[in-house]
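Next, two complexes with chain A in common: one pairs it with chain B, the other with chain C.
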Partner chain A sequence: MKLNRREFLTLSGKSAAGAVLFAACSIPEKELIVQSPVDMPEDLVRGVDEWYATNWSEGAPGDGILVRVLEGRIKKIKGNPDHPITREGSRTIYDTALQIHYNPDRLNTYKVRRSKKGILSNTSETEANKLILEATNKNKKIVVVTNPTKSTSGWVSKEFAQSRGGRYLTYDPLDQYNLYDALNDLFGSYDLPIIDISNSENVLSFGADWIGGWISPAHYSSSYGKLRSENRGYFAHVEPRHSITSAAADTWLSPFPGTESEIALSIANVIINEKLVSDQQISDFLKIFPDGKIEYGYNPSDVEKRTGVSADKIVEIARKISNGKSVVFAGGSTSAYTNGKYNTFVIYALNFLLGSVGKEGGLILNPKVEVDYIDGSNKSNSIKDWQEELAQWRAGYVDTVIIKGVDLVYSMPNSLDVKGALANVENVISFGTSMNETLEASDIIIPETTFFQDWGAEIPNPLPGFKTISLQQPVVTKNSPGTKSTSSYVDKIIELESSLGSSAKSVVKKIFDNEFNDSDNGGSVKAGDKGSFLNGVQQRGGYWNIKETSDQKTPRLKNPFTHSIENTFSTTNDSNEFHLIPFTNNLNNGKLANIPFAQQIPDPITSAAWQTWVEINSHQAEEMGIKEGDIIYLKSDAGEIKCLAYPHPAVQPSTICVPTGQGTLRGGRYSEERGSNLLKILSDKLDPETGSLAWASTKVSVKRAGGNKKLPKFEGTVEAFPVEPGIPILIVAPGETAHEAEKKNHHKYQEQLNLIDKDKNNNHNGISGEKH
Partner chain B sequence: MVIENKDRSWGMVIDTDKCTGCNGCVIACQVENNVPLNDQNKFERGRVMSWMRVERYWEGEFPDVKARFIPIPCQHCANAPCEPVCPVYATYHNNEGMNIQVYNRCVGTRYCANGCPYIVRFFNYWEPIWPEEMRNHLNPDVTVRSRGIMEKCSFCIQRVRRGARKAKEENRELKDGEITTACQDACSTQAITFGDLNDPQSKVSKLSKDDRSYTLMPQFNTDPNVIYLASIKVNKEESQEEKAQSHD
Partner chain C sequence: MNAWLGQPLPVLGFEQTFDQPINFPHTKHAGPVTEGGLGMDCTYCHRTVENSSTAHVPAVELCASCHRAIGSESSEELKKLRESAGIYSENNQVIVDPKKASPINWKRVHRLPDHVRFVHSAHINYLTNNPNAIKNIPEHLSIYGKENVLSSEVCSTCHGDVASMEQVHQVEPLKMGQCVNCHRENGGPTDCAACHH
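And then the complex of A and B:
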């Protein structure tokens, strides 16, 4: 047979014979090396790269990061293994910061609105500066607003507001206000304690998606890795939603939302009744209750009826965590119901019962760190504070508002009408790297530098058990490509109030000059002079002193509940009314919505991206006739949004879960008109104890809109394949080998398909085939 | 010049018990290797390019339900089905146990992707679009592929070469753990380990012999250099017995 080259290649590609032919006719190795391949570009390593240690205060507060810079361009970000918070940890969103800096929709010009009804137009830096100086002179009543932060940025914001007799406020849409309040009541400090997961044998968490995104995920997920190392610890998680933390747990409990404290009290009930801990520990724990005892009604079978969680599992967890080093903690949605503070208080108090407070593997208090030129708090202002503040704005009592690091218009609930309030403020000055809804409602817009270009310092939250200051330093210049005409927030505020210093760099230098004087005893950097000391701090990404720990070794209850707080979260019998559980994903509540890297990271549970979806229990969806991709209206007492349905089996039937972050009206090509803004339909219910927004207490009705769209998701892109026939992921029991598990599983698969003789199966493997 | 060491066999161990499914490895790989942006359209059309992917499987029914995750890169098989079918030798096995893809040889027949049982090869059906500003963050150590080219996980060969070059300059041997892949760097829980499988003292080599180790689809005899450690289920036997009882 005569073949031309094309026919030969076609045939060989399509047939196994072809494969054999090619395998047999392998080319000499020398030829490969000479002709091609491996020297070709992917191997041709050129240039010298530099890795700078710094900190991304707005996106990953407190974390130490390393930034790779090559030829003046930022190329890569990873966790700083030298930094005591990050250690081996990392965050999914680190690399997304590259596209904050190199974003095609990045702001590069100052903008001004010359009258309240006018439009925003470009202006020169000189003119903008003149207008800003007028708007912030000493006669003006000024309010400064930022994201919650304990940093140099917080310090200049607070000092500047005070220098004008004004106020400094912070806002976080899904805040943890109740968490901080409860911790202060229990331990006498607003500072988060160390949750010593790495050294624990049993971990019990409530609500906080600490592996996915809660507070300090790089720190916590690194600890999770250690928990799952040699002496594998036990981990149980209580959360209505199946987050990646729920998925990582050995035991996942999905209670009716708002009933988490009942589970905690039922666990306590079992521990006390079975005398699983010492009398002293029981006595310490009972001090939190008004009468020194747990009220009746918390035995597991009663609690099962109220929470939907199996009594057997409650007993099992109680027995497990009473044995060995254990830690219990809460956050996330558990702290954000109308009874959020109560939930949080009761859950953290379990650590007293377990004798875990101040112990390795338990809850260890952090020192109170006060550093000159670093101020602010990680605890945001409550919605009650904001209601009062916005009333001032609406009444025209505030002349100028300066906003940085938070998109108030996008992220505040509808009921606050912040846009209306801003309209009554004479001068709204906003900083940003790209447009957002708050900038759109501002009078002067200042294009901001990114953290890659600025100086700063921050106290991490939580601390690693000792004094730590993270450093932020410029890794590229202010004139790096695409970023001309941008200004640093701290530098700009210092320009307006010279008593604060001469620049952000000078402020940071003063911080570390002070530390140099105290660095002899246990500090992470040792140097002969201040200049070398600062160099050392820059090399390591901060300064820490392992000897500066908390004095409070045996914490005591600061404020026991003096009255019984009723569980204010009511359940519902309406079959079309659902508890809405909002959750934060890689879009960071909309802050990263204009970053394509962040948009396209598949959600771990649903694999969805680029859209707003609603997670609904698959059985319930079937009963309601809802299929994947159906367009759904979610209606609350605050508004209505549209999203695409994604039914799956791990949703608590009384709840639906929706991610925040989409639906921005301004922000650029990657975010505008995409999905829906969930934050806008959050009900304005508050926790009456604290006045904070109960963002997990919204109830919604679900209605089909009548259409269906393809949900953008990764699932299905690649056909799922089994590890072994019938086995997606190999699971072993403790002590079981992979080979044994494979054999068993393979056998079961064959059994399902009737491929083997069941009697033989009994004889050889002892599996009870005859029962079928 | 390529610095190869024929005694090495680069390999990876992925501990599924530690993997949380966070997708940190996915994005880290994409940034390191200039994998094109996946817009909404690509998700809708099932054309997402992801050298490292995390698959999610459901286990059980509510309330005893659980999502399980498994990260899947190219398996760098010793008996790779993709290699012999390439008519232009664009994919071949190098002396260090890696399955190499040579972009400037690839003519886009896609035979290799057809032959790969792990579905880890991705074809550039379109010219990748990188806005001008975003080209600044592209990694100059890695070629930006064009339309018509097949691509896949390279075990971050550019990092291996950079590390080997540095060791040679310093006149020393490479140390275990000195070279890390991008996915490994991004894994907070340390679920991914990379190293020389031929070095009996290396961490990856020791882990690959763990009782929990297994490879994907052993029935195809591909002999992968990516080895998995099985996920652990506390009370696995008990729960199976419970289920058996409930069937009674």
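And then the complex of A and C:
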């Protein structure tokens, strides 16, 4: 027998120890078992990835996404290029969903509080189910609360509440209630129109940070790319904050907060006086207003005094947008003053003057899509509705409240005292993937599956101009490690009310079976039978039909305003008052605060992250002796918080801008004791027209708290370097124009140019020498 | 030591075999048609072998795709399979109920230690795409000297002629020495991290 060295060593090594080992023990049985799956999932093939088309209703509503799954694990999310909303767009925020699923603080056990004064403790699913059944029986007065949604989740919530004679409400901090209401008056529908930025030549936006994170950012940011490609379109933006949208605009106007409608009317004034559009368009516009005319006092020079915006700029914008395909729209803080609805109404009405309604490059009205088993609304309930509802809770008229997808205790202003109201409800049942302040105040906590594990369907908001239903499908099993005891919201509600169906999957199947019956007139999926049709829908991430567009030809034109309305701010009676402009960032008003990916995405303007900062005018900060990182108190009539200062030259004097989302008390290791909760100090000022919270009408006093902390940010951590060789860096100081800076830095600038030239010459000589 | 060396093959893993939950006859499925087999290609059932690190044991559903209709109703082995696949007859109708289906716990015959990562697809693809490499493999293997080989023929390099085995057993040592020798002879990587990663 010929043995090589390796075989000899193997044999001699094993002969002594191995004989003993093998005689004493055998290979454990479990190591020999290789289980054949009943049905081999494609994504279990090692080293081969699968991409599933689905939808994240809570985090990126309406967007179509693709999820990469490798060996049964979710690895990556990106935009679905096939989906009519997302198109080629994608968002950084998509990947944050991975950390919702894999969060180390993820809830995976049911919890129960046995008496109102008791503590939450873990319990079995069986016991929790028994308690839930008792709390939701037909004799109980039940209220269901979710985030605003038009989906299967909205449908079960509404149907279940009705089956118990109860109510279904939605809540969204920094909501866009006035936007929906104003659009309903103009167009007779609460469904948002799609703004056809891609095909527009001139875009004028007010308040909506549509490149940053306003409604449907994936859609609008890809539209921005199209606007700027080939025949570069013109874009002006009006907003007190220097957002990424303000920074990207050709013309950015920073008005005194609440005066946006005056700028819109002044632009209209210029267009009408200079007859820049047809008489028909002028007549269409003026008939919206009482007596068919705009009030006096909107010539640009008068408006300049009231808004702080240059009259010349107003005239310039008016002339530009009158020429070619234009669109005007508003949202964000513009819709959230005490005159928010008025602002929004007037601004959208400008589209009639420009002849942009229902036209390519303008406002495309969306069809009214009614689908069985999809219900709810993208418009949340107003604060006035909530004040009335919470009064019922406080009085003990409600037995059970079911909450999903919204942290009421964290996100409602102090003035509503929702925690006190919840304390008077006998049973508070909350769903969640990780703890939050509302779950902490609940009596029964149901650990929820993520959207990666559930079935669902949603109508995007806004629609892309035609009927679209987005599909949500499970991409991983419910039995992944750490999530075995979790429950799907829709499945759980169906368990409580069997008349709703048998499961979320069966509900979704019924939706698309119905669509199959109507799919003969064209659509994104064609199939011979229902099963193949659903397969097609699963492959594309939804079903849409470009032929099903709005048939609305004439607007409703209901003007509820008989005269102009001015904004009124809350006051702190302090001499050092600032207008507070809150803004939403990647933390999604706190929903993603416990996600490190979301925390570390830097703000595109300040580059700050992981903290609550205050953008304050640099000159004013200097006068007040405030430096970057100084800890300052912001005090409103509703409360006080601490933040870090970020002096910024582009902030309107007497205005401060602060991001929401931090300061959660029970969010897990990544969010607790981090920053402050701005939502708590918002004043209870309402828009009297709609009863919605005027979240941009709060004034705060600013005071140094003493102390300084390093503000985490990217800016300044890397030295500036020329992007292209040969182009020197021009340093522009705050308040300086590029021309002034060039003059001021002339010698330094010239010096760099000379150095570069010298360098070039040297190189050239060297190469020449080699050649010789 | 005598005991150890006296029966080297089973102890070192050679000829290792087990009674399986279902007595699956490879001879019947993969055996040559001339000998009463169906001549099926290995990759029909082990369908991920060409593009994945593992060959994968086929899903019960794959077996059931044929055996819900084919095969004697009285066969004890097929009864076990149909039970696992959730197939039963009712009123002369064959019903497939996935809720009644359950996995089959096959016993692994070829088993490498946890610290070794053997990637099937890399080996299959190398040998099918490089006929020259085949000249170095042992002469007794069926693919020796061939110009073009199928993936299923490559399997026999390590697994032997499974198509002729009533009960599958291990015929090669599958020890590190065998791997390293073969890698050396065929120009494969011999650094530790090629397999231990």
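Here is the rule we use: the second predicted complex is superposed on the first by the 657 of 772 C-alpha atoms of A that agree within 3 Å, B and C clash if a C-alpha of one lies under 4 Å from a C-alpha of the other, contacts with A are read in each partner's own complex, and residues count from 1 in each chain.
Methods note: contacts are C-beta pairs under 8 Å (C-beta built on N, C-alpha and C of every residue); 3 or more make two chains touch, one makes a residue touch a chain.
Predicted model only: the values in this text are computed from it and were never measured.
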Thinking of the overlay built on chain A, is A:639 touched by chain B (first), by chain C (second), by both, or by neither? neither
Chain A contact check, chain B vs chain C, more residues touched by chain B
Touching A:47 in the superposition: chain B (first), chain C (second), both, neither? both
Would you check which partner chain A:62 touches, where first means chain B only, second means chain C only, and both and neither mean what they say? neither
Touching A:668 in the superposition: chain B (first), chain C (second), both, neither? neither
Looking at the overlay, what does A:154 touch: chain B (first), chain C (second), both, or neither? neither
Contacts of A:542 with chain B and chain C, given as first, second, both or neither: neither
Where chain A meets both chain C and chain B, residue numbers: 14, 18-19, 22-23, 27, 32-33, 36-40, 45-47
Would you tell me which residues of chain A are touching chain B in their complex? 9, 12-14, 18-20, 22-23, 27, 29, 32-33, 36-47, 70-71, 73-76, 78-79, 88-92, 94-96, 98-99, 101-104, 106, 211-212, 217-218, 221-222, 224-225, 228, 232, 234, 242, 244-245, 247-248, 250-254, 308-310, 481-482, 596-597, 600-602, 604-605, 607, 609-611, 617, 619, 648-653, 674, 710, 712-721, 723-724, 728-734, 736-739, 741-742, 768, 771
Using the touch rule from the top, collect the residues of chain C that touch chain A in their complex. 1, 3-5, 8, 11-12, 18, 48, 51-54, 56-62, 84-86, 98, 101-108, 111, 119, 121, 175-177, 180-181
With touch defined as at the start, can you tell me which chain B residues reach chain A in the complex? 1-2, 4, 15-18, 20-24, 26-28, 30-32, 37-40, 43-44, 46-48, 50, 53-63, 65-70, 81, 83-87, 89, 92, 94-95, 100, 102-105, 109, 111, 114-115, 117-119, 131-134, 136-143, 154, 157-158, 161-162, 165, 182, 185-191, 211-214, 216-219, 228-237, 244, 247-248
Across the complex, what residues on chain A touch chain C? 4, 6-7, 10-11, 14-16, 18-19, 22-23, 27, 31-40, 45-48
